[in-house]
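What follows is a set of structures for review.
One chain, subunit A, appears in both complexes that follow, with subunit B as partner in the first and subunit C in the second.
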Partner chain A sequence: MRVTSPSLKRWLFSTNHKDVGILYTITSLVFFFIAGSLALLMRYQLSAPFGRVLGGEVFNTFVTMHGLLMILWVLSPLAIGLANYFIPLQLGARDLAFPRLNALSYWFYLFGGFAMVLSFFFGGPNTGWTLYAPQSACTDPLCSPPGINVAAAGLILLVGSITMGSINFIVTMFKMRAPGLKLKYMSMFPWAILITVFMMLYAFPSLLAGLILLYSDRSFPGRLAYLSTAQGGNVPSLLWDNIFWFFGHPEVYIVLFPAIGVVGEILPTFTRRPLYGAKYITMSIVVAAVISFIVWGHHMFITGVSPLTTTLFTVTTIAVSLPFDVMTVSFMETLFRAKIRLKAPVLFAIGSIALFVIGGITGVFLASIALDQHLRGTYFVVAHFHYIMVGAGILALMGGLYYWFPKMTGRMYNERVAKLHFALSFISFNVLYFPMFLLIEMPRRVYFYPPDTGWAPLNGLATIGGLVFGFSQLLLVANLGRSLRKGAPAGPNPWDGWTLEWAVPSPPPLHDFEQIPVITEDGVVHLAGGEGHPLASGIGDGHSIPHSSHSSRWPIVVALGAFVFLLGLTMGSGPPGILQLTPGVVIGLVGLYGYGKESFIVHEDEKVESWPFKAISRMRFGVWTFLASEIVFFGVLLSAYLFVRINSVAWPPLDYFDIEKGAINTFILLTSSLTAVLALASARAGARNGLVASLLGTMALGAYFLYNKALEWEELAIGEHLTPMGSIFDNFPLAATSYYITTGVHGVHVFAGLAMIAYLFPRVLKGAYLRHQSETILYFGLYWHFVDIVWIFLFPLFYLI
Partner chain B sequence: MSVKVYVAVFAVLVSVTGVELALIGIPGISRALTITTLIGLAGFKALLVAAFFQHLKDEPRPLSTVLLVGLVIVMALMSISFLQLHPPQS
Partner chain C sequence: MAVSNTADLFNQLFNTFTTLAIIVGVVVLGLMAFLVVRFRAKASSPEPEDTPTLGRIPQARGHLKTVIISLTLSSIVLGVLIFGTLSATTQITTIPTECAEVPSPCLTIRVTASRFKWTFTYPNGYVNDTVVTIPTGQIVILEIESTDVFHTFGIEGFRIKKDAIPGLTNKIWFRANEQTSDIIRCFELCGVGHVVMTSRLSSVSPSAFQGFCSTTGC
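Up next is the complex of A and B:
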């Protein structure tokens, strides 16, 4: 690949956190305008009875695309863009822990967005962003069009992007803080991002598992049927509800917490006082994050679930509102009687808090089962979550954009235009959404309504608000775009900010800090040559600039491979052929090979604050963090199995699945774990032959496991279990589906392990990975043993129970 | 950690798998007890693999917490299978 233009080359290949941050920010704003345009068209449609321009199908697709794009391609990525740019700066680091992985995250996100927009041309998803089953799983054109497959491809790329990003931020924030920068000294934005990325790590695998179920159902109709079987009663739809909302509700807070972090940065700066009860805000975010994983059932109050669970989820839902009270009160106390410098960022922050209060309180209404019976699926709910997501979320993040724009560009934005932007946004937001609270009888997602409902005036008002809100966002673009070239020079610290990003020039140099700052016990920052700077109290003794790489051409190639592969997988109907998958595989392999072979220098400092993970390398910590997400991923697949197993009326008898084959496979994998750990022992001892033999053994055992499994699959489908009543798919659809999907996904993991050995092996033959280089063998082993552990659970669950 | 330890752990893993297989052949044990024991044994095996083969016991303790949090969170989802539909619907 030859790219001649230096600036294009920079943006395509850069791995520097600031460049990637800018790419994220701009891309999320582009998606904001795409998804916002869809919203404006929907508002125009509903501004009069019987609708104006859109048909039902198109309207449904617009609703779905608007929701998916806004939540997943706008809100979180805008926050991640700011985090990319500012977290390393605020930590006193020079980049994220894995810069190439960071670029890869961005390209996965962008290509995922392409797939999502592309799905529109295949008849986009029409189910609402929740992709509710069985509608989403039904392949009849009357239910849902093929575009839903392509949308699933986009979502899978997004999950990949988010998982890689989470791992990167977790490792960075624990392993790369400037000397002396203890966790307790971190300001609110890093704290909010740290908790957010942990939530992403644990929540998104559930979406991935759900998408695999959905894709399998759609690609193998009549065979795999977790979500579409006619034998399951309401089990399939409840299964999807559980899996989706297990991801979906934490996602609400994933979207919100960075915004709270931004508010927590802006308020101290513009009130000139510390954040009131900062410690308690942090604790509240942690508590809310934990509870957010046990509130998902409140989305299922009227689905016929047991009264016990509705009661439990009511309690947890009301409980989750309490930490948010603490945050709100702390913010208000910070503002109370303060001499606030009313600049645009703080106006957005205050507006965000006000709208959050309205959105939050109306959310508590919905925690009541009695009220939810009436309000569920109405415009009241639409108003509620838009007050949270747009009012609290987007407005705060826009405040963050204004706040940090001078740092990112070295120029000031136009304050008057920014204030006008705030005033128009705040007022029109309320004109847009407040009437919806009053439309408590109007169902959401209808594309027209009769005149005698009396809904027209409030809808008309909302549409006027929507138009003003939408078009006033152009002020943001115009203001920032113009200021980029013509804004007044900002200087390093235009707001007299206290956090570390304000200690470097605007925009910061490529390597961020001349010398890494040092923070002493009392929290005072020491910077090199920083006399006269409000943050500086002397000369720092941090390390000076080491050589690091900032550019790689391979992340974009790998992401392109994944994109083409997933398109091949999803664009046709039914299972894809080899030809459809080949281009993606080839591009992906070329990319991965180049990625692996490239010499990319990431400087790793010894003098960093890394409690409580001092004794573990960045890479090993990263692999373990990835395995934490895998635990949730397989846990969700097993939850699906348990759910249908316990609630299904028909299940095959014991010994239906071949116990002998299962046992043999168990012994094979256990032995392969032994050979894998012996490979590590040999590598550490410097025994090349031992390493070669152990890896070969592991590979042979893994391959035999897959062979055995393939035989078993074939026998089950067409062998002895084929009775006059049909195959396992006809007699026990849920058992068959859970077996094939769970063991299939596990098999793919075994295959990936074999591919890793295939990559390592030629290097092992040349004598690599011995003694102090043995860490790579350890990383492989961590993964391989994890795959073994999964099988340790699958064996009894499928064969012995 | 020495090779001897790895082989010993492997021997325990194989033996416990043998116990699992033997368990389902023993008549007279209630189904609930069989299921509980099998899952308990699988948990024990998983713990051995993690602690010794993945050397989790030598890693910083908070690392185990990161993994455990994932496990506990997903167990909330698993538990709902037992609570949500009552009685099972056809």
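Up next is the complex of A and C:
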């Protein structure tokens, strides 16, 4: 099945978690060097007053792309790459739950990165990574160039990638742990990843919702006006802030937690002692994750929100620092009475904790409103979050890279060069960022400064640090690249680690485990396979390697379709024509059709540890998880509606939206839920005709709903149903925007449901999906009911209140 | 005494925070360095008894007591820092009540941000978009607005900053202690001219301000 030679085909089509993990890791390093080069150019620019090489437009674009690429295309994906490779191994599984979905996530990520880089050539986003509206939403020449649309396409692909990836990891970790591997037996990396992917699942839909508002505002200037002041009046100014930071602050921890997980993995191995307070570290991560969703307001301390709000957010912000305190203390206690073997991985881990301490302490400054009132928007902030993201984040992940390199390649890296890499990185990091703490007057994101400011010496120092830091990263590449061929053979367990990845050969075979390990009640791991294996005890689960597929050509096609489609959607200015969209749609449909038709075998083990989700299948759990993220997505859209509704002076009178039409549509959609229930009942009972009829009924009702909706859209736009009212866009721009976007997105969901029926239908006619195959109809039903439930919220919000 | 009451407050707070930060930082980082050096692997150091080994879930270790102690300690430090300084925060963020009296003893100036300049409008309609002149010793309220995108209004030496957001009027207040000339900058990326979006603040003696007003009609 697998092409074992490192051919192009293997890398394009592989769905094996180890291959995808390597793809993620290498791609994220490539983006690291791209985004790092932007940073170096900016540092070079600022090394002298009045700048050196860059103009204002280019500098602003660099600032923005550096931030977006580093946070979203480097930090998280590097962690996800390691997670891809090692989570299945550490859990005693043979792959992720949905291997093709995993490949699809990767290709969405890569193509998203292409779009982001490509956006530069359309005049890239120039607003800073926060994409603050109205700067990002207005289309006049002083605002944002068209490239921001292309960047939005890249971000949308990334959200798709992350949502699919999160679902995959959540299902894998809950449904595929080796027999006896209870949650509490997991080491720190799986724990950190589990919590991270949950956060991703709930934070990224908010970004997606925001991007949809942004894109629609930019595509229909003068009509849609959630974020642009020109049309909406001045009401929605803080809408983007809220949506963005509801995503943005959890995102900070999303990039940090995997790093903490890696530190928690490296420390016990190299200190030769179990992680101190592992249970409390895990609990702290959970607590911090939860609180991170209620601290977003501290990014808005000086926006003019009420004093009560700022006080509340100050309290939550302080509260969130306490769990990090527990983590740091536990890590330090692990060192006590240990036997620390000072190899490169542990140096990076300890260095990461040290820089995290500095980043954390300076974060407290910013939690104090009185200090934030001056420090906000200055280089003090830049220093603070680089200590967290680069210092704590990147350094720890690099430690992870050294730690696991022998497992991934079967060869050792050069220890001396790795230590040099650490020393240079650690010192130059501080030379680069510490001076910025002292630049408490210098604004962020300026491309020059006058000489009389006196900022030149500190900036010069930072630039020197930056150059050394940047170029010393080449040591990493050189070391790992050379060791790939020349390194000493590593053997299965070069570090004497205790987690399961060290129980298999380096690199692990295609199926990871000869036999799935079994953990008995006394905490002993049994591995049956492999003659003379140290853990062979004869208590394995006795399963031989099952037949599974490891490659598919369709994920890359589907992702390409999405990429081309989104480029077509965003490359021009204004709404796209049919011609622009066709290529993407065609490629995407071909890909999806091939994806659906392909016979791809995923072995599903019965005997696994899957508390607390024993009763439901892998796939159903995946569908539920997806719907959970959809709830957040619609939740944010509805919050946006409520936000403008509450803050608007002018809103249409109650009978402006045709209540009768709305009620009829509600009735139609609810009836279609009923027919969906009937479809499932027929499928279970094995009644093909019943299934055909009820699916047809569902489809007809859904189509009729959309038809009614279209009529209503037209009437409101023209304004004919209640003369002499005129277009809703002229009378009530904000009401129009919220109405069209919310019902529009819901309509797209209805349409997607219809497309699913259309896909299922030919097979249904041939007699598929009956009795024990009826799960598929159930998945469709779950989705369809969800879409109907959303409407139950939309109807009263728009028509009755 | 610094140039303004806000600068006084900031400096005081910043010093307190910095002192504590340095103490905590030095203690924590010093302890870490000590632990690493003291417990690094030497030929003589014995293998710890609970070394995690492949094939066995490691023993759990750690005490709730440690967690509680460290949480209490840091809560105290953070509590002192944040809540101990809450009064200062309130002082900065609340407009003094005396400004509500009629006639108000305070000078209110509207600051309008637009790409890429600051426009100052005095109560009597006098407009200036290069420098804002204020008297020392009197409370000054700035009402900050924006006509286009987000900006952030910041007076460097006065240590005070506020967002200028379309549709909102955000207020800050301060009292200049001495005659000075200070620089005003924009602290939110607002476009290509962000970096040149500067202006000046000039604080003059009350009598000089009288003179300024009689010539400009402010």
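Throughout what follows, the second predicted complex is superposed on the first by the 769 of 801 C-alpha atoms of A that agree within 3 Å, B and C clash if a C-alpha of one lies under 4 Å from a C-alpha of the other, contacts with A are read in each partner's own complex, and residues count from 1 in each chain.
FYI, contacts are C-beta pairs under 8 Å (C-beta built on N, C-alpha and C of every residue); 3 or more make two chains touch, one makes a residue touch a chain.
This structure is a prediction, so every number in the text was calculated from the model and none was measured.
K.L.:
Of the partners subunit B and subunit C, which touch A:Thr362 in the superposed model: first, second, both, neither?
P.N.:
A:Thr362 contacts subunit C only, not subunit B.
K.L.:
Of the partners subunit B and subunit C, which touch A:Leu800 in the superposed model: first, second, both, neither?
P.N.:
A:Leu800 sits against subunit B, while subunit C stays out of touch.
K.L.:
Of the two partners subunit B and subunit C, which one touches more residues belonging to subunit A?
P.N.:
The partner that reaches more residues of subunit A in the superposed model: C.
K.L.:
One more residue to check, A:Leu238. First (subunit B), second (subunit C), both or neither?
P.N.:
After superposition on chain A, A:Leu238 lies in contact with both partners, subunit B and subunit C.
K.L.:
Regarding the shared-chain residue A:Ala456, is it in contact with subunit B (first), subunit C (second), both, or neither?
P.N.:
It touches nothing on subunit B or subunit C.
K.L.:
In the superposed arrangement, which partner chain does A:Leu627 touch: subunit B (first), subunit C (second), both, or neither?
P.N.:
After superposing on A, A:Leu627 lies in contact with subunit B but is clear of subunit C.
K.L.:
Enumerate the residues of subunit A that count as touching subunit B in its complex and touching subunit C in the other.
P.N.:
Touching subunit B and subunit C on subunit A: residues 233-235, 238.
K.L.:
Given the complex with subunit C, which residues does subunit A contribute to the contact?
P.N.:
Residues 56-57, 60, 63, 126-128, 132, 134-135, 138, 142-143, 185, 229, 233-238, 268-269, 271-280, 302-304, 307, 310-311, 314, 318, 321-322, 325-326, 328-330, 332-333, 335-342, 350, 353-354, 357-358, 361-362, 364-365, 367-371, 373-374, 376-378, 441, 443-449, 493, 496-499, 502-503, 519, 523-525, 527, 534-535 of subunit A touch subunit C in their complex.
K.L.:
Within their complex, state which residues of subunit C touch subunit A.
P.N.:
Interface residues on subunit C, with respect to subunit A: 9-10, 13-14, 17, 21, 24-25, 28-29, 31-32, 35-36, 39-41, 45-48, 50-64, 66-67, 70-71, 74-75, 78-79, 81-82, 85-86, 88-90, 92-94, 115, 148-150, 152, 154, 156, 159-163, 165-170, 185-195.
K.L.:
Which of the residues in subunit A end up touching subunit B in this complex?
P.N.:
Interface residues on the subunit A side: 198, 201-202, 206, 233-235, 238, 242-243, 246, 293-294, 297, 305-306, 308-309, 312, 612-616, 621, 624-625, 627-629, 631-632, 635-636, 638-639, 642-643, 645-649, 654, 659, 663, 666-667, 670-671, 673-674, 676-678, 681, 778, 781-782, 785-786, 788-789, 792-793, 795-797, 800-801.
K.L.:
For subunit B, which residues are in contact with subunit A within the complex?
P.N.:
Touch list, subunit B to subunit A: 1-3, 6-7, 10, 13-14, 17, 20-21, 23-24, 34-35, 38-39, 41-42, 45-46, 49-50, 52-55, 59-63, 66-67, 69-71, 73-78, 80-86, 88-90.
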